[in-house]
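See below for the structure under consideration.
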Amino acid sequence: MKPLTAIVFKDIVIEMRSKESISSMLMFGILVLVIFMFAFESSGLEKTVIGPGELWVAFSFAAILGLNRSLAMEIDNDCLQGLLLAPLGRGELYLGKVASNFAFMIIAEFIVLPVFFILNNLSFDQRFIGIAGISILGTLGISAVGTILSTISANTRMKEVMLPILQIPLSVPVIIAAVEATSQILNNEKPEISAWLTILAGFSIVYLTVSYLVFEFAVEE
Amino acid sequence: MKVKILAILSVITMIPALYMIFLFAPTEATQGNAQRIFYIHVPLAVVGAYGSAIMLFIGCLGFLITRDLKWDRFAACSAEMGVVFTAAQLLTAMMWAKPIWGTWYAFDSRGTLQIVLLLIYIAYFMLRSYLPDREKRAKLCGVFGLLGMVDVPINYLSIYLFRTQHPQPVISPGGGGVDPDMAKTLLMSFIAITLLYAYVFVRRLTIAKVEEEVDYLTQVALANE
Amino acid sequence: MFALESDDIRKTFGHFTALAGVTLNVERGEFLALFGRNGAGKTTFLKIAATLVRHTHGKLRVEGVDISDEPEKARRYIGFLSHNTYVYRDLNPVENLRFFARLYGLKDPEHRIESLLDRVGLQRRRSDPVRGFSRGLHQRLGIARVMLHDPSLILLDEPYTGLDAHAVETLDQMLDEASAAGKTIILTTHDLEQGLRGATRAAIIDRGKIVFTGAANTAAIREAYASYIRVGVSR
Amino acid sequence: MNNRAFTLVAIVFFIHNWVMSSRQARLEKKLEELKNQLKDRP
């Protein structure tokens, strides 16, 4: 547990100094929301119909930006090797990076979320809390799969381009489940929301476990 | 040698399969002749798309456990088969859907899964081509392939749930087709496609071996200079 | 008791052989200089010993701990320094060392960090981000990072690359101190004089195999070095 | 549509087979060259 908090704490200190990760995720997320607003303003579609898709497009692409930043930091000066020399298992290292990626994404998303509510003229009632909860579950899944995939793509020549190519197909279940759950909350209908939440949680658990076991292969030289 | 036998076998079985599909099998009442696509579509999907997924999973897992290059070759060939067969299968699906549903593509549960699967296969291939170091390539692609194939059942679950919530007026292509002649045709076509798959796969595997040898000898030649 | 016991360590992948069977025992307190041409396998060997690379055959023990069975335990004994320092450019020296101290779970890290900063002469720059450091200052922080958890086996992979004269002096001084404190040191280099400066024993690795071992500063090592490395004739 | 579907599938497999063949030919030629090149030196 101690090394895990050390990694998260280190990333927070670096982020406070460089202010690169959260600000870029934030800006990107808000830009996506604004673009969506312009693109669909004249279509006359109900805000609650396109809203969930809009929100998760913003979240998942902003997450990729954050993941790229987070890994660029570890690749710079071969810092990842320094982490590998420390007396902790590769799996724990993975969990540490997931924790810090998750934390940064959540911070950015919790600022984007009110903007989403304001832009779409929604009132801040219990729907806000519900969507915040779904964001936490969905982001856990995205960071679980994104952390290991960003480590993989870091070895290629075009890391920034490679990450979305690897990540988007794998996070399809998260996107579908999160969008569906969000739309049910937005429309105040909750018939089968638990099924979607189960998929989100199941995805996170499966990927955390599998990645914990195979992370060694992704970082080994 | 193995390749030649498989090639001959797949040609031998393909001819009766085509005969049965076009002439032997009865015309389906509601869909007409378009239904005949289904005889080639189903084997392509089952053997090509899902079969490759299982093979890719086995290849990646095998490599990560044994660290033997032959499993990496196996995985790479499975992924290539996945790309080719899934693409072919999607083409048949589109050709069938246009006259029957009136659209080229409908995002029903199976179709969506096929597209995601194709994207994962292609991503696996792109990753391979951007990793120059042989050992790194094998390891990282092994990890990615494993993660990708773990994704398939979860994907299926979410897409299935997604679609059953919004039922669409979609008749399963096999709806009502329990005619014994139809079953025989489908079986024959399954055999033909499986042999075709085996032929292409084994052929690709031998090429992969030659490729490895060329890589190695190039390195040796460079080192000697 | 050996600080490092390597029994027929091999590293192969497909047709490629990086190490063809390295058997090498290093006694506690020894300072071994490992020479070899580029691509001879010296870096691979050190990385295997540091558990960064996995070997395909053989057994390697660090202070009696098998690195395949208990890598986490073995890593506590190992300090590894290459020409990359593995420190974060956005953090200052104190924050960097504090982070690594936490990773290693050190008790009373502050005291240790202060004394290390004194020894490598970074006290004045203690709160500047590493980003602005020169190569020499960088490497001094790297040395502090390696010594932080008081490793008993120090592995150095071409540590002199790109260092200015002052940094070389600091590194030499640290190595002498560590050696005097009874630590085991393995240093790889392709430069004979630099390697032999403090070494007690020397070994030459060629084509993934140890081809010569002997006491440092003898005529034999110079001869072997000349035939294997300087001339570059492959046998 | 039937004919088109079967033709398209045939084309896909034909192209793939063709790509494989040319690749194999190229690699085998390269292999020969390399073997000859390395024959002089052990």
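Order of writing sets the labels: A, B, C and D. Residues in every chain begin at 1.
Keep this in mind: a residue touches a chain if its C-beta (ideal position, glycine included) is under 8 Å from a C-beta of that chain, and two chains touch if they have at least 3 such contacts.
On a predicted model such as this, the values are computed, not experimentally measured, just so you know.
Traced through touching neighbours, the fewest hops from chain B to chain D number 1.
Think of the whole protein's Cα atoms as having one middle point; the chain whose own Cα middle lies nearest to it is A. Interface comparison, B-C versus A-C: the higher count of C-beta contacts falls to A-C. Per-chain CA centroids place chain A at a distance of 38 Å from chain C.
The centroid of the Cα atoms in chain C and the matching centroid in chain D are 48 Å apart. Residue numbers of chain A whose C-beta contacts span two or more other chains: 220. For chain D, no residue reaches two or more other chains under the stated contact definition.
Pairs of chains meeting the touch criterion: A-B, A-C, B-C, B-D. On the chain D side of its complex with chain B, the touching residues are 1-2, 4-6, 8-9, 12-13, 16-17, 20, 23-24, 27-28, 30-31, 34-35, 37-38, 41.
Interface of chain B with chain A (complex): residues 64, 116, 119-120, 123, 126-127, 130-132, 136, 139-140, 142-144, 146-148, 150-151, 154-155, 157-159, 161-162, 165. Put simply, chain A touches chain B in their complex at residues 145, 148-149, 152-153, 155-158, 162, 165-166, 168-170, 172-173, 176-177, 180, 192, 195-196, 199, 202-203, 206-207, 210-211, 214, 217-218, 220. Residues of chain B that touch chain D in their complex: 33-34, 36-37, 40, 44, 84, 87-88, 91-92, 95-96, 98-99, 196, 200, 203-204, 206-207, 210-211, 213-214, 217-218, 220-221, 224.
On the chain A side of its complex with chain C, the touching residues are 2-3, 5-7, 9-10, 13-14, 17-18, 73, 76-79, 81-89, 220-221.
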